[in-house]
Amino acid sequence: MTALLETGGLSAFYGDFQALFGIDLSLEPGDCMAIIGANGAGKTTLMRAIAGTVVRRTGQVSLSQRDIGGLAADQVAALGVAMVPEGRKLFPSLNVEENLLIGATVAQKGPWALAGIYDLFPVLREKRHAPATSLSGGQQQMVAIGRALMGNPRLLLCDEISLGLAPIVIKDIYAALPKIRAAGASVIVVEQDIGQALKVADHVHCMMEGRITLSGRPADLARDAIHDAYFGTVSAGTGHAVH
Amino acid sequence: MQGYVKTATRASRPFVLLLALVVIALALAPLWASRNTLQDLFFILTMLSLAQFWNLLAGYGGLVSIGQQAFVGLGAYAMFGAVILLGIGPIQAILLGGIAALALAIPTAFFAFRLQGAYFAVGTWVVAEVVRLCVSMWQAVGGGSGTSLPRDARDGLIGLDQIMALFSVRGAEARDIILYWLALCVTVATVLGLYAFLRTRSGLALSAVRDNIAAARSVGVRAEGMRWRVFLIAAFGTGIIGALIFLQNGRISPDAAFSVTDWTAFVFFIVIIGGIGTIEGPIIGVLVLFALQSAFAQFGAWYLVMLGLLAIGVTLFAPKGLWGLISARTGLSLFPVRRRLILSDPSEDKP
Amino acid sequence: MLFIDTLVQGVLLGGLYALFAAGLSLVFGIMRLVNLAHGDLIVLAAYLMLLVVTVLGVSPFVALLICAPAMFALGWVLQRFVLNRVLGEDVLPPLLVTFGLSVVIQNSLLETASADSRRLPAGDLVNASLPLGPVNVGVMPLATFLSAVAVIMALQWIFFRTALGRRFRAVSDDPVTAGLMGIRPKSIFALATGIAMIVVTIAALYLGIRSNFDPAIGPARLIYAFEAVIIGGLGSIWGTLAGGIIIGVAQTFGAAVNPEWQILSGHLVFILVLLLRPRGLFPRAYD
């Protein structure tokens, strides 16, 4: 089977500052990959580099073997990559339903439409005419996920969707993940919460200072190794790549 | 946040020598230049000073004013008013022009600093319009149609007789020589003053603000006081130059004194084409403007069309202007004020 | 009586200023771009209509239908190839480019159309008036005002009721995230400027019919337009109408006291409003 997403030697820069150093990743269709790492490790930058919102990047990014490394964000989105950005980034001048509709701007054919999103997160149906930013944090996260799904993406990138939410809310939100995968999307979740990541992912990659320090299946990874890779108590490179 | 300061000094020492020679040659211009050349030099020098003050505002202070004609016009009118109504000598009255501009700058800043970015630009323009309309109603200096400087005031210029004797020229020529020297003094003072100011601690902060948005945030606390200082300095200098220009003209009207084209558009072309945010840029810009003007002025308005297109092209394709192109090629910096604050913490968000 | 008459004339004049301002408000609201050539673009549109009226012998209202698409195209091209390149954090480049553009338009018109005053011919309509309650109002000022209200309602409808308007708002809120949604902000900007130029053409129609124009009057229209936008509050389209009316009323009352004070009193009221409410009367809650 050919990989849905593949990166080779992907690096990214903010001005003169290099935030990613040669990331190699591969995601099979239907899989769920988790990226974990401490604050500032470069997880968000990696998502941005894939989605095309980092201005300067080098190396390869390909989607179903098509090179997308040189494309702008809107072109990547049109190929079926959707992002739930860190901090949700809802549009404050749009109400809930308008936020969802804007996600369908370059929609592919697929299972998701307004009705489907409202079934997935019923609370949004009641609030659909409310300004998006008037909702609670968890509900806003649902809008952000729904907005991304409205494009019927092949690949869904979720950046810290549990950040700042109460455990019970996190559970609700993660409950949607199996349905999303069942409907056909492959998923990358970025998490600082290691437990959550290990629970949902088929593969986990741990990042530190712009590099991948550990990779593996959740079952194969020892807690200690993750701890070391996460906090950098052992030098990078002791982790073993798994493909 | 940590940082260190990098100062470029290459070429600045021989340049000091060259600069001194140029200034001496210019000071002796009445000996070697014709009256026409002297008037051209007067134009170049006064436009250069105006451009440097606008450069200080927009290029270093981030204050994009399109209302500097308010200070040119008010400075000039204050000088005329002082001469006509109070009988003060024209040269002393130039200083009053600067003071009047400064007095206007205080309420203007109070008003315009409440406005951000582009609003600020429009705010300054509205102020200039208000001043123009008010001055147009001031009948003692000719109202809407303007007035001329009284003959005896023009002939009573300090030192006129001595110059007439020294160079054995007639009154009109002697007047040109005096005003030319004044313009030279003002310009040298402007350029050196700006240079000295930019080398002070606060000046350094200004350059850093211009170069680095992250640095701009970290000096944000001091920014307010800085903006006031820059705005008031620019207004005072602009008022002085306005008074000097119209003393040379001998005639004033609201449309001429508050002309957007003459006092803002040309200044803006000089700074943009030469290179904004550098001292060298406006010097090159004014020479380019003068050359273009000599070559193309007979094409009338098409000449302005060409200047406008040139400014657009430079902004799009060479935002640092001609001097930017030159210094990128050669690493040259004649006035090494662009000490850069190199920040070692890159974590600030950049767009 | 005189008071009511002055007030009504002022409100109607405000309609003209709101027309000048509506396009500016749209562009400013969506991309924070201050177009210093806006007034000159209005004058350019007026000359374009004059050309069409003269060459084809049609009425200015027909000329509007021909010129509006042309101005849309001009706006689109201008945004796509020039202004999009200078948008960003720094306010300086857009100001420089549009100021340069203003000089270019003014002086090109001066060379091609001369400095003479012109007017769009609209026959008897110009002098016609209607009794409206206790005052007589001119047909043209009334038509201008109603057009302004119609334009603002149309913009409001586009903005809040259409998919395009949704994109306008999204891009205005956050262009980067809008990009993640597959929206190309720069294409949206080009459309917005195109629409603004249609409004500019409508403004030019009334400008040209109601009064003389020459190549140099653009900047003054720009100032009135700006004052209306800023008084109304950033991005508030109805606020722009309110701002236009405030300037118009201030001007007619100033003129009633002393004709020399007409323009001046408009500016002074603008300064006063901004001193009291630096973000205008109806600012957006977030920015």
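Just so it is clear, A, B and C label the chains in written order, and each chain counts residues from 1 on its own.
Throughout what follows, a residue touches a chain if its C-beta (ideal position, glycine included) is under 8 Å from a C-beta of that chain, and two chains touch if they have at least 3 such contacts.
Source: prediction; values computed, not measured.
With centres computed from Cα atoms alone, the innermost chain of the structure is C. With every chain reduced to the mean of its CA atoms, the largest distance from chain A is reached by B. Centre to centre, using the average C-alpha position, chain A and chain C are separated by 44 Å.
One finds 33 Å separating the Cα centroids of chain B and chain C. Mean C-alpha positions place chain A and chain B at a centre distance of 53 Å. In chain A, no residue touches two or more other chains.
Counting partner chains per residue, chain B shows two or more touched chains at no residue at all. Those residues of chain A whose C-beta lies close enough to touch chain C in the complex are 51-53, 72-74, 77-78, 82-83, 85, 89, 91-94, 98, 101-103, 105-106, 133, 147, 151.
Of all residues in chain B, those touching chain C in their complex are 58, 62, 64, 66, 111, 114-115, 117-119, 121-123, 125-127, 129-130, 133-134, 136-137, 213, 260-261, 265, 268, 272, 276, 300-302, 304-305, 307-309, 311-312, 315-316, 319, 351. Considering their complex, residues 32, 34, 36, 82, 85-86, 88-89, 91-97, 99-104, 106-108, 110-111, 219, 223, 226-227, 230, 260, 263-264, 267-268, 270-271, 274-275, 278 of chain C touch chain B.
Looking at the complex, you find that chain C touches chain A at residues 163, 166-167, 169-170, 172-174, 176-184, 284, 286.
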